[in-house]
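Okay, so chain A shows up in both of these, paired with chain B first and chain C after.
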Partner chain A sequence: MDSVLRDKKAIIIFILPVLIIYIGIIVFPMFASVYYSTLSWDGIGEKTFVGINNYIALFFNGDPFNRAIVNSFLLALSSVFVQLPIALLLALMLAKGVRFESFYRTVYFIPVMLSSVVIGHLWKRIYHPTLGLLNELLSSIGLEAWTKAWLGDMSTAMVAVFIPIIWQWIGYHMLLMYAAAKAVPNEFREAAIVDGASEFKIATKVIIPLMKPVLKVCVILAVIGSFKAFDLIYVLTRGGPVYTTEVPSTMMINTIFHSYQYGYGSAMAIFIVIECLLFTLIIQKANRNKNITY
Partner chain B sequence: MVKQLEKLSGAKDISLPFNRRALTKIKKKTTHGVQQLFLLFFAFVQLFPLYWLVTFSFKSNQEIFAGNIIGLPERLRWENYSSALQNGDILLYLFNSVLVTTVTVFLTCFFGAMAAFAITRMKWRFSQTTLNVILLGAMVPLHAVLLPLFIVLNRMGILNSHISLILPYTAFALPLAIFIFAGFLETIPREYEEAACLDGCNIYQVFLVIIMPLLKPALATVGIFTFLSTWNELMFAVTFISERQFRTLTVGMMSFVGQYYTNWGAVGASLLIAVLPMIVVYIFMSKQIQASFRASGLKG
Partner chain C sequence: MSRSITKWLLSAAIMLLVVIFLVSCTEEETTDEDAEREEIIVLTMWDVSATAEEARVITPIIERWNTENPNVQIRREGFDNESYKIKIKTAIAANEAPDLFFSWGAGFSQPFVDAGKVLALDGYLSDEVKNNALDGVLTNSIYNGNIYALPYNMWFGVFYCNTELFEQYNIKLPDTYDELLHAVREFRKHGVGPIGVGVNDRWTAMFYHNILALRTAGADLCNDALNQRARFDEPEFLEAVQRLDELVKAGAFIDGHLGLGWDDMRELFKQGQIPMMFQGTWLTGELEMDDCPVKGKVVARKFPVIEGASGTGTEYLGGSVDVFMVSANTKHKNEAVRALEYICQFLSEDGFTEGIGLPVYKGGADLSQMDRLTVQASKLVEDSTGFVLAWDTFLVGADAQLHLNLVQEIFAGVLTPESFVEKMQNINE
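Let's turn to the complex of A and B:
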């Protein structure tokens, strides 16, 4: 048996396809990106080494990219403080056992299943200035004054883009949290009821502390997802009007494929990678040693 | 309301257990009612945009311009669907999506299971290191490799092909797949393989005949998750594919809707055709799909 499991040839055959794909498509290109980010290059002409100038430009060239960074942080904040609380509330209510529990769970999750392109185009029409659902609803309740071109107006474009993003992913976080809340043994809940704890107390003092590991995962996923956000913004506004809804991903695509600044665009890509890693570590660290078991 | 009741009962008869019980019952009922309202409200919020999509996919522009924006359509205009199917190449895009996704799922499951088997079951020095390095890959966003891959694929002349999507999709699905397979393999007792070995199976037979069938639940989890994330992927698809004949549904929709933007009925119908396969799959497999997403979230 042992010799069978030490068969070098078999090990190589089993692991090789993954290694080739992994190194060829993830590892090697990533280092290439780092290299490109130190160049001034339009993809065809001469490559000029410029050191960290591209990175300096990211932070000190002013508006478009600074705006993009701020926007991605705002998205992360609204995901953590709007999307996750709603998901948590829904998850706690469902996990407690209510009527139609599985129906609700199934319905909340539907938007996660749908492609962002479809969702984006659907919301584009919800926001349509003259024939959109939102303006029609507003005027039907007598608020004509509030109607506007939600995505075209610089003051509302960003909120209008955030809402579908938050809307789409509530169900995903709800599902993760629901599973965690369901995993809390029923005895804990019953013991708390016997002790006379209110619903609210049970949730905040018993259930939520035990959900901590999953809540941490949700926070990480929400924050990282916001930093990487691309699909819906690309479909809805492509960063416009006048950079108001630009995020690092959309800027990166524009910089590389429309203005052919390969070096500068690669610096943006690496910025996103570092940002994601950094925040994963920070969130992990901030919560270490606080996991509770009974 | 409940508070008032409490006050009233408290004032009249301080300690009648009967009243108390009645009160808590009322209290429970109202909180239940509030909860149901809250849950119902969110179900409405999650579903209403889709309901609206269905209604305008059956309307004509005239009907919408005349002011029927929210209401039900006058009649079901199936011609919107036939024009969407005829003009939009939707069936071609659908085919491309199915092809790319199926091959990706197959490669991810097969290669991923092979690697996970070698890492968790076979004995070699760097197995743990290899696993850790691969899992690190789950942290890498697509952005990091987009341009270099574009350049390489371009030089190799395989931009605008199915393979230019299949390979990157597989690469990015593998870390999570291997994580799930490795975790699942730990729960399978080694006696199975030992017995097979004693019966004279070689290592490949052990993998194909013994391990693969035992991995079925994990294969379902990985398969579903890979399927959905591949099906909906946009960034690689819009950068690597510009020719019509290789467009997947996501890219195809972008161009179709752009072209027919002002034709509400046709756009609505095509959007609905694009999501219908997913919704049908979800209706039949919602349990497994939710389980698969839960497993994918656990890696953190």
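Let's turn to the complex of A and C:
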């Protein structure tokens, strides 16, 4: 196995098929999108070159795109500060060793395996103003005054949409963190116990610092995933009501397919790509020299 | 040495297998082997009858064609309305449109025609079909003087009223806008959401704006503005939006309407929870089906008139804009057009009998066999003096989206009527 890994020619041969496909399906269309974003084009007819006008219009036309960007940032923030801590807590508890550990691991991971469309429709039923589970629950415990049209009310729509998104991916991050926590050699834990540390201290001073690389990966994945978030939002509200749940990707779909503005939509797509790259770099730089080893 | 040669051979073989596997997986769907042997032509067809209920008229028609024409088989696929709008645009742009496909005429299909993706039917249509078409129904299928589509029904907007709810609360069915406002307030006093709408599917909300504009401005001015011969900020249009705003603020629309969709609204009405709904004639058959809770309780009426305004009660929102088109890339032009004529004419007649639309070809529909509501609706439009299409099918692309979004903002209460007409006028600048 080692000799294969070291043999550069072997590496290239094994990677080549997938690399070709990757370049064809992902890299090439990205460059094509950059080209399209410089056009004014309806997707099927003639193309007119307009340079960077699409990008200027993106930010200065008073479009809801700025609102969409803000929403995606809010989603990123809630992913990092709500979703990841919950995942971390669950991961640490499971890694410590509880009864039915593998059962819980599976159960928490099930939302990740479900199709986003299925989850979207599930939550749509929960949020339904008259027939939904949530309002029924509130009414049955006497909180009828709190019932509302969760997805229809402009003040609650955004939070209502974020909850399923965060819920779905907790298991995914939990699994990554669980693996990292399990990888911490048991001797450290035992040594800490011998030194008289409480569970909390063990978690914060021993396990988490050793999990830093994985935590960094989770943060990057959460942030990028939030910038690209699409399916759940599209199924739940399609960006409505009145742009309160709009994110760059839903705007892109509407622009391309309903407004026949392929060039403008491509500019949005390129913006999302650049945004993701930028934030990946920022997060990498912020965590550069903090890998701790004992 | 021999070991590394074996390794090389093995890796090359694996790579080859992988590439072959992937290539074969991305091949086109297997063509009908039978078709190749006996030269059967298979025509693909897409439409928006996604459920078995919606497809109840077209399925038997296609089966009849397939039986009568063993050499030309039609394979139909139905899609949900909103997703279809995206799917058909992608398919056409990628030159993968099916032979026959559903579309909306006028503005919606304008880009397709302009890009040359739709077959011009003039040279292919039979005279019989052209003569059978009722007056004016081909208007929205004609682009640049050529016919590019065949319509299969006509729709117009009717005001559905659940008489049981009106009687229950002793409220008079409204004939004028003032009576409508009164009815709205009365229903609200009893805690009933008066008018159904599903703003998440913006077109259902747009219907209310369009019919109010029809009432305040009249059909001629509406059509002039849509054709860029008049302005969208005329006082009549401003009044229409102000009335809509007034209705929204009076609580005229069902609770949670911002988040509900077309399906929700329809279901709530069918469950008998909403007294009024302004929608298209495509619902008449559905509302009279045996398992529908409001069967026999709904009447189709004209939308209330605004006294003193330009519009009259004999002008209707609607027209003939549901069409089928033939892709310009089809390999079997003659067969496709023959199939087109067959389907459209039978859909027109059978659709009328089943209550999903009004006919656009001369036919022999037996009114006594049809349900009460469809007959009532069809009689309603006999006195029509003018039609205006739904604005989002007339306008093209970004303009249609702008209109839909502005209407949505009025329903959300975040836009003033003055802003609305100002932004609409930008379309005509």
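Definition applied: the second predicted complex is superposed on the first by the 268 of 294 C-alpha atoms of A that agree within 3 Å, B and C clash if a C-alpha of one lies under 4 Å from a C-alpha of the other, contacts with A are read in each partner's own complex, and residues count from 1 in each chain.
The definition used in the following text is that a residue touches a chain if its C-beta (ideal position, glycine included) is under 8 Å from a C-beta of that chain, and two chains touch if they have at least 3 such contacts.
Everything quoted here is computed from the prediction, not taken from an experiment.
J.: Which of the two partners, first being chain B and second being chain C, lies in contact with A:Val242: first, second, both, or neither?
T.: second
J.: Mind working out whether A:Leu176 is in touch with chain B, chain C, both or neither, as first, second, both or neither?
T.: It touches chain B, and chain C stays clear.
J.: Give one of first, second, both or neither to describe whether A:Asn71 is in contact with chain B, with chain C, with both, or with none.
T.: After superposing on A, A:Asn71 lies clear of both chain B and chain C.
J.: Could you tell me if A:Ile253 is touching chain B, chain C, both of them or neither one (first, second, both, neither)?
T.: Both chain B and chain C are touched by A:Ile253.
J.: Report for A:Ala32: first if it touches chain B alone, second if chain C alone, otherwise both or neither.
T.: In the superposition, A:Ala32 contacts chain B only.
J.: Just to be sure I read the superposition right, which of the two partners does A:Ile272 touch: chain B = first, chain C = second, or both, or neither?
T.: first
J.: Determine, under the contact definition given at the top, whether A:Arg99 touches first (chain B), second (chain C), both, or neither.
T.: The first partner, chain B, only.
J.: Looking at the overlay, does A:Lys8 come into contact with chain B only (first), chain C only (second), both, or neither?
T.: First partner only.
J.: Count the residues of chain A touched by chain B and by chain C, then name the partner with the higher count.
T.: Comparing touch counts on chain A for chain B and chain C gives B.
J.: So, A:Val112: does it touch chain B (first), chain C (second), both, or neither?
T.: first
J.: Pick out the shared contact residues on chain A: the ones touching chain B in one complex and chain C in the other.
T.: 10, 13-14, 17, 21, 43, 253, 257
J.: Give the list of chain A residues in touch with chain B in this complex.
T.: Going by the criterion above, the answer is residues 1-2, 4-8, 10-11, 13-15, 17-19, 21-22, 24-30, 32-33, 36, 43, 86, 89-90, 93-94, 98-100, 103-119, 121-123, 125-126, 131-133, 136-137, 140, 167, 170-172, 175-176, 179, 199, 214, 216-218, 220-221, 224, 228, 230-231, 234-235, 249, 252-253, 256-257, 262, 265-266, 268-270, 272-273, 276-277, 280.
J.: Enumerate the contact residues on chain B facing chain A in the complex.
T.: 31-32, 35-36, 38-39, 42-43, 45-47, 49-50, 52-53, 56, 64-65, 69-70, 111-112, 114-115, 117-119, 121-124, 130, 134, 137, 139-149, 151-152, 167-168, 170-172, 174-175, 178, 193-194, 197-198, 202-204, 206-207, 228, 231-232, 234-235, 238-239, 249-250, 253-254, 257, 264, 267, 271, 274-275, 278-279, 282, 286, 289-290, 293-294, 297-298, 300
J.: Considering the complex alone, what residue numbers of chain A touch chain C?
T.: Residues 10, 13-14, 16-17, 21, 42-45, 127-130, 148-154, 157, 237-238, 240-242, 253-254, 257-261 of chain A touch chain C in their complex.
J.: Mind pulling up the chain C residues that touch chain A in the complex?
T.: 7, 11-12, 15, 18-19, 22, 85-86, 89-90, 92-93, 111-112, 114-115, 117, 199-200, 255-260, 264, 268, 273, 396-398, 400-401, 405, 408-409, 412, 414
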